[in-house]
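Take this structure, written in structure tokens, and hold onto it; I'll ask about it next.
Labels for the chains are A, B, C, D, E and F, by order of writing; each one numbers its residues from 1.
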């Protein structure tokens, strides 16, 4: 217990059905601390011809892509400065909040803001997490930053966390926290 | 579509059943971008006497408390320096990672580490988020910090994000990011 | 076979559930010529707190009144010339088609049209039938007319059939056929 | 709500399953005034080998033909005076009730009765309706008649309604109403 | 797996429902060697008003008494020579087959047959087993006999097995095997 | 009623599913004396990819062989003195109880015990019955023995019943009752 049965229009791939089954398992365990072996999820695929809502047959909406994969692709495009690709993944009204730089609205603003702060920065990922809240998908990426300071010295192992919101398959918001200022303060102390 | 039916041992409160129904709705929407009005969740309560697993009746495990409420209580206890209360919520092997202070293992260590950094700090919460990943519950708290620097001047509106992992109802890990160093660097720049 | 399970929000009366069960049985038998003893209908009532559509609990819509009862009441009001009561049961845009009197739109028109045709007419009902077609409920009433011709002689046993359409609980259309003209022609032949 | 699941032996065509799904949708809406988009019907086909009643596997009974199609074919055969074809569709004990001609039992009687009334008559159909009541299928056909009076003058646009009862795939009863006498009376008045 | 759901008319006692759940669990395990903890049985009770077969509500048939209890009561009545009570539990056409005494039809015949064989015999039960086969319930009782030979010497520990068939709550057949003859032969050998 | 639905991982043969359906039918009838035509069993096969327990897909355990077939094979091997084959079907700790020979542990012991009792014995089977009790499968074989006494004279029509217990597909116990001693005693009486 619980035993969960999800009726689904036929047409989703095995991978999509398993993502659904895992998400339903996690949802059950969020509330019911059952022995994991006792949480059963069964997906029942209903052929299109055998399903009517309001007296009409329906076409299954294509499954969402894995949101972690989408964010991974966005961050890769940003790292590679493929601004066009990255921009195509953003929703109208997209907003970014970086440490001490709230309310950035365009990737160009972000790039201008970042310019004096480091020569380049890259992300080593530890973890991606995604979950749904009503209409929004929330994705967290955590890991460490590495790159070069403006003076060309290298840095690495600076913790970061990015929080994304997606809606209808587009990114609507990004919030970023990291230990860069902490690291710079430590460097400054070490120099003095 | 989808139509989700969850069979549950009788004994969960209305609030617990609704938390489950919402979590299952979110789980479905994470994968299937259905018109939200078309995502149906029905919970069927099975009386204890009408359910057997392995030929034996079973007792429903008490539902988990809302993990957001648990973290809220933990953070409140820490703010009030009710160390005993806070400690009772930690699992064996608990570890904390703060900016530039990885791997703290006891609340006493944390308090010692914090001492030279500020007279006090409090949290204004914007948002709590919780989801399950296998055996772990992940909780995020975001908001802003306010308090006093060691010299008694006030600060506020410093963004933070806390990530918690819980297992079996106990907190196993806390990761903290915030803009404190960024703020201090800005203050220092302003002073010079 | 078939075995039909209908999940319903809790709150419908026993009579309403049995009307539903009978309607579902009839629907199955319209297509599948199963041995009637093999057509099983089970209604499962889902408590309001155990049901969510789109992540929200829902309130069960009050069941429709039995449409045969509604038409019976309408016809009784008309017979008793309770025009106000009868009119309150009509939808905006209501239209009546009587033999040789198509397109009447108000009860007053109908009464005026009927005046020279008989002193009064009443209905002895044989049968009421109702079924649904998409958004419309169709009701048939059959039986015989009795009353008095303008000259005061009585008539009876004149077959009639009334077809009604209802939508959202209001009558949108009435079509009437009967053997009155046939009867009068026969009377005329008999007199000559 | 409601969510209706019909378990059916495998073997029915897509058209038959959709007729069933529509009939079940209509049945639900006859009683529950749900938002039509909220009425879900799912048909689950059970392979013959996976179904037992009384410990025995069962063979699915062939679906009934669409009763509207059957009546259409009967009326076409009658119009074309294919008496043999029409008669093959009648049940033992079949009875017809025409205006002023109740209780006709054979097609020959009907033809004899009609002979002095018109040279020929044909039907222009507006609508066919079918529904089930216990063991009987009820079918209504409405539309207008056109043809020639005995004197060869044409008539048209005379409203009619035919009610049929079928049982076990055969027609057991036909009741006919129309405005023919009304029309003739009007013609007579116009001539005088 | 398997997950078994049994829909039952409301009205069976908790004990009856648990006997059913256990019997269904055993039935599943007879064919599927699942981890017992993975065999789930859920009984869903359908209120009488929510169930129709063939368009008619049905009254739940009273559950069968536990057949082991019935056989226990029959054997107790026989041991106590309450012939009336015992006889009331027998179906028309009842037949008994004892070692070397096939085809006994009445309890009186049995008593007469037993008379020269022992002064009295009683049963110490090890085990009762019951299962269904189509319309018949099969019950096995095993254990040991004790009592006195005609000469008054005592015997004990003689293995027996009784097989019963019941139908419609009555015993239709009893077959008995035991080691009495073996024991007597051993006694005789010992005496010689 | 009852209506039983068994959800099963896809992969069982038609014969295995029908054995399951029959066993579930019998289980229901053991408790509920329903009109057999009203006991419905539906097996729903869930594709492996559509089923998760504890968040993991599972592989269906191969069905048990028909236990009656297994016992038949064991008894045939014993009759043919294919000791190796027979022994391979026995579980560790196997024990046999024969009339006046309790607690035999090896087939060799059994053969030695039988040697002075008859030249050979064979079984004519009337009936095999199998049912499950928790982890154990119980099988009964009944019929008659025929063969030759040590002196070469033939015997036949001696009733026997064998009870077997199996666990995990191996025979753990055999209990045997028969009328051999009774028959020999009768023969002796006849000779004297």
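Here, a residue touches a chain if its C-beta (ideal position, glycine included) is under 8 Å from a C-beta of that chain, and two chains touch if they have at least 3 such contacts.
Keep in mind it's a predicted model, so treat the numbers as computed, not measured.
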Under the touch definition above, the chains in contact with both chain B and chain C are D, E
Taking shared numbers over all numbers used, above half giving same and below half different, the chain C and chain F interface sides are same
Could you tell me which of C-F, A-F or B-C has an interface matching B-D, in the sense that over half of the contact pairs are shared by residue number? C-F
Note: chain E sits from chain A at a C-alpha centroid distance in Å of 64
Between chain B and chain F, centroid-to-centroid distance (C-alpha), Å: 57
Centroid distance [mean C-alpha coordinates] between chain B and chain A, Å: 18
Out of chain A, which residues touch more than one other chain, so two or more? 1, 3, 7, 26, 35-38, 40, 42, 44, 46, 51, 53, 55, 134
Between which chains is there touch? A-B, A-D, A-E, A-F, B-C, B-D, B-E, C-D, C-E, C-F, D-F, E-F
Provide the residue numbers of chain E that touch chain F in the complex, in ascending order. 1-9, 12, 16, 19-20, 23-24, 26-36, 38, 46, 51, 53, 58, 60-64, 67, 97, 99-100, 129-135, 137-138, 140, 142, 159-161, 163, 168-169, 175, 177-186
Residue set of chain C touching chain E in the complex reads 14, 17-18, 21-22, 25-26, 35-45
Write out the stretch or stretches of chain E touching chain A in their complex. 1, 3, 37-38, 40, 42
Going by the contact rule set out above, which residues of chain F touch chain A in the complex? 7, 44, 46, 49-55, 57
